[in-house]
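In order of appearance the chains are A, B, C and D, and numbering begins at 1 in each one.
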Amino acid sequence: MSRKSKRSLKEKFSLKNSLVKEALSEFLGTFVLIALGCGCVGQAVLSRGAHGGPMTVSVGFAMAVTIAVYVSGGVSGGHINPAVSLAMCVTGRLKWTKLPIYILAQLLGAFVGAAAVFGIYYNAFMQFSDGRLEVTGPNATAQIFATYPAPYLSLINGFADQVMSTAVLLLAIFAIFDTKNNSVPKGLEPIAVGLLIIVLTCSLGMNSGCAMNPARDLGPRLFTAIAGWGMEVFTAGNNWWWVPIVAPMLGAVLGAMIYIIFIEMHHSDAQSEEENDARAKYELTNMA
Amino acid sequence: MSRKSKRSLKEKFSLKNSLVKEALSEFLGTFVLIALGCGCVGQAVLSRGAHGGPMTVSVGFAMAVTIAVYVSGGVSGGHINPAVSLAMCVTGRLKWTKLPIYILAQLLGAFVGAAAVFGIYYNAFMQFSDGRLEVTGPNATAQIFATYPAPYLSLINGFADQVMSTAVLLLAIFAIFDTKNNSVPKGLEPIAVGLLIIVLTCSLGMNSGCAMNPARDLGPRLFTAIAGWGMEVFTAGNNWWWVPIVAPMLGAVLGAMIYIIFIEMHHSDAQSEEENDARAKYELTNMA
Amino acid sequence: MSRKSKRSLKEKFSLKNSLVKEALSEFLGTFVLIALGCGCVGQAVLSRGAHGGPMTVSVGFAMAVTIAVYVSGGVSGGHINPAVSLAMCVTGRLKWTKLPIYILAQLLGAFVGAAAVFGIYYNAFMQFSDGRLEVTGPNATAQIFATYPAPYLSLINGFADQVMSTAVLLLAIFAIFDTKNNSVPKGLEPIAVGLLIIVLTCSLGMNSGCAMNPARDLGPRLFTAIAGWGMEVFTAGNNWWWVPIVAPMLGAVLGAMIYIIFIEMHHSDAQSEEENDARAKYELTNMA
Amino acid sequence: MSRKSKRSLKEKFSLKNSLVKEALSEFLGTFVLIALGCGCVGQAVLSRGAHGGPMTVSVGFAMAVTIAVYVSGGVSGGHINPAVSLAMCVTGRLKWTKLPIYILAQLLGAFVGAAAVFGIYYNAFMQFSDGRLEVTGPNATAQIFATYPAPYLSLINGFADQVMSTAVLLLAIFAIFDTKNNSVPKGLEPIAVGLLIIVLTCSLGMNSGCAMNPARDLGPRLFTAIAGWGMEVFTAGNNWWWVPIVAPMLGAVLGAMIYIIFIEMHHSDAQSEEENDARAKYELTNMA
């Protein structure tokens, strides 16, 4: 395509409505997150450990987050997670009216990303278990897409696990982006977020896979329900499915509050002009 | 060599023709990519896992890409991949007339890089299989150089795999370099590209080794055909060889298009002056 | 919460006393360090290697340090370690009067972080050893929280180990932050510190787990003494508990001295204006 | 120590002679490199794989290089390797008269670093092989310090291996520091060099451990000869010891030449003012 025809194409399709362009951005970011992130789990599970293990899943999923934030960061803030979007609303960094669109775009992106993983590994799925798509047992593959609790985990312990891990996630994200703290230089925040995901999955991943993201969990779960794993994806683990939806929402707000109370609230006024500039930058991106 | 004699040497050999210098740059970059990248696979295979495994291959190959882009980035854009060069042409970031030279230089660099791996590990190859160079079976070593499909993989699934993985590769590269998105600071893009390769090989590497690069695959395959593995390197895997050539070309253009349609096309005009500056920077490097 | 009500909340709680805000920062930073860092050890131990190993513990703990320094770096310097705070006092980078508060906050943060790990993995602990919390033997779990010496280690070798590893830690931290050396760009120091922790745990972790931090060791040890492991956590390993407290304090001062004597003392005067500026920056943060 | 007394101490010891301060810097840098780097090999060998493996050794050694370059980069250029110093002399980036002092400081630092590893792991060495320090066989520990060839490796293949790996090392270092290429931002070069070491050890480490550094190899080898392993450290592997001394010197010059011929020589004159500035920066550091 020549550069001139690209220009005219741009004029034709260019979206005046910033919400639509932010929705496209969150959709694409969450698609990349799930296609690559759940792809890492798929490679480890479907190869029965020959092509992956705890380290490739942890580092791989973390870098999937990094890439997804690079894809969507400049346009929509790179939330790719309803719990993050909620925390941004609660702390005045995103308009409440935008929240439903953000969440819908994220959910849709995650659903399509899950479909991509299934498509790319279709032959591998068929060979893995002779075409049977199972939720539990030694040939289970449902955990490639959504998270399931370990056998020993009680519902209340699992709920606390998701609240706490998402709280730490948000607390750290607020620190990484806080220009009045020792924040990460612009353009490198996605890498710092990736490093954060590495430690979260290495430390809090054993109970239930460390979803910390309602879209990351529900989107692929819905896909598996339709694609052949059946309704067991909702009933398994003592009806586990709602925990990685509700608990991260609570945890995200809690983590944001903790950061504000322990750190942000006490930044001295001498720096407040800088703060306003930084906030303005945020708003240009997120409040438009 | 004293500094003065170096100066005169420089005057003698300095190339007025930018295309030749770009070809040298792509040749050296792709040489480094293959010598180090395929070296990682070689170390894991030839030591039968004692000195390497999925993680060293994934991280090692990724850092080989990073170093190769540092070597060739400033002069020729650091494509080291015909699929990337094609996508740059299609989106007006590289002159079409340069494409054949870029591809030839990349292919040659990959061929010589494969020869270097064979030379450095010559004793190891001989000891590994008593001098027999095999394409399939437990003593196969051809997969150190080119990619081969997993036994379960159909040609259509393998083709889709290479289209999708290269599409995600390009989509992410466009994000990483898009100065109107949250782009990586200048001089650190090669590291971000390396992190991208980590997640791609951890998530989409199981089907067929995630070539995503016609030069990376065909160059070493040609070398093995000549060096003693024979024509089986082309017939193996149901004549697999053409898939990692054709599919990445398609995927690269697809990925670039997706990024432009979902993200780049909607950047607001307020920022367009900055965009022009950034594009000018690109052109200085790539269109000269 | 609307932005206006947040403002008024801020006015209400904003702390004039910088020491209190620094204490909060060190508390939260050390909490994050232990919750995530000891979480990594917990995941590896409690899953008996299925969800973690030497690499996830090393990289995970290192990234826990990185995140903890991001959380607390801008407000209190991100020491999260009494040995670091002591070295800062000895070299005139922190007021001596602040030292007790820093140490107390760090110790408290580590204690609460250990409690969080126990809480999040409560079901896993119960299932791991049928509810018995053991300090030694194949079902030991105390080493998830505090460090214990390897069976072969003498007290004097262990003491030397902690002196040396903490000396290298401080020596390297001083280099990373020394603006007259090739220091890390502002905002990326926490990542460099994380990379430093990776190599320290990979190279000096085998003798006794590489605590290098009295708060990181004593806080969780106190927690385990109370939570059910009993006083054996103090007597085990030939009364090991005091070594990771005393030796790191010595090692930190030693390492800082070595860096100053070998490197910092010889910076030329031509750069001293720049130095003063950098020192001023430090003081704004740490001496306030 | 109060700040005033530190000032007076500084005046007393401050070295007018820049060569002495550069020697101290190279000594300390190489000490850190070997203490941490060989420490990683030690941890993997002495724990018989329980606390380390190919990945911890590769990543750990690489980060040891990163930290060592941070420690010594600003004062002496952070060569920590006679082969690098030689290449800097040959290309006019270091005065020839400084070369012997640099090499001596590096060798001494490596020797003391090896002693530190032996000291810190003294109990572990004694327990590993009942006090016998062996060069070959299942209880060999000499390879913790110096490199030895794999059983299959011929002397000529090993020599080529060290020439090529050091050539790629230097070629890449020149790219990383070349301000007219897409060079790494100031202060982050040590991290890029670390990533380079990761891929070199993952791809070219199997033949003989990828020394690429005469000081890194000879210093610790001398230590082991004295400390109890005996003269077998020189005769083992068909008198291997001279290969990692001579071959890296050749390879380093070769790699620097390749980079200059393929890339640096062709930088357009339009940028030459910037180049002069960058060269001036180098000279301030290295030619003083």
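We adopt the following convention: a contact is a pair of C-beta atoms (placed from the backbone, for glycine too) under 8 Å apart; a residue touches a chain by one contact, two chains touch by 3 or more.
Chain identities (UniProt): A, B, C, D = Aquaporin 9.
Predicted model only: the values in this text are computed from it and were never measured.
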Just to be sure I understand the contacts, which chains border both subunit C (Aquaporin 9) and subunit A (Aquaporin 9)? none
Chain located farthest away, centre of subunit A (Aquaporin 9) as origin (C-alpha): D
Equivalent interface positions on subunit B (Aquaporin 9) and subunit D (Aquaporin 9), same or different at half: different
Copies subunit C (Aquaporin 9) and subunit D (Aquaporin 9) - rotation angle from C-alpha fit, nearest 5 degrees: 90
Averaging only over C-alpha atoms, locate the centres of subunit B (Aquaporin 9) and subunit D (Aquaporin 9) and give their separation in whole Å. 29
So, in whole Å, the Cα centroid of subunit A (Aquaporin 9) is separated from that of subunit D (Aquaporin 9) by 41
Which positions in subunit D (Aquaporin 9) touch two or more other chains at once? 55, 59, 185, 188
Can you list every touching chain pair? A-B, A-C, B-D, C-D
Can you tell me which positions in subunit C (Aquaporin 9) touch subunit A (Aquaporin 9) when the two form their complex? 1-3, 6, 9-10, 13-15, 18, 21, 24-25, 27-28, 32, 35-40, 42-43, 46-47, 50-53, 55-57, 59-61, 63-64, 66-67, 69-75, 78, 116, 119-124, 126-127, 185-191, 194
Going by the contact rule at the top, pick out the subunit C (Aquaporin 9) residues touching subunit D (Aquaporin 9) in the complex. 54-55, 58-59, 90-92, 150, 152-154, 157, 160-161, 164-165, 168, 171-172, 175-176, 178, 180-185, 188, 192, 195-196, 198-200, 202-207, 258-263, 265-268
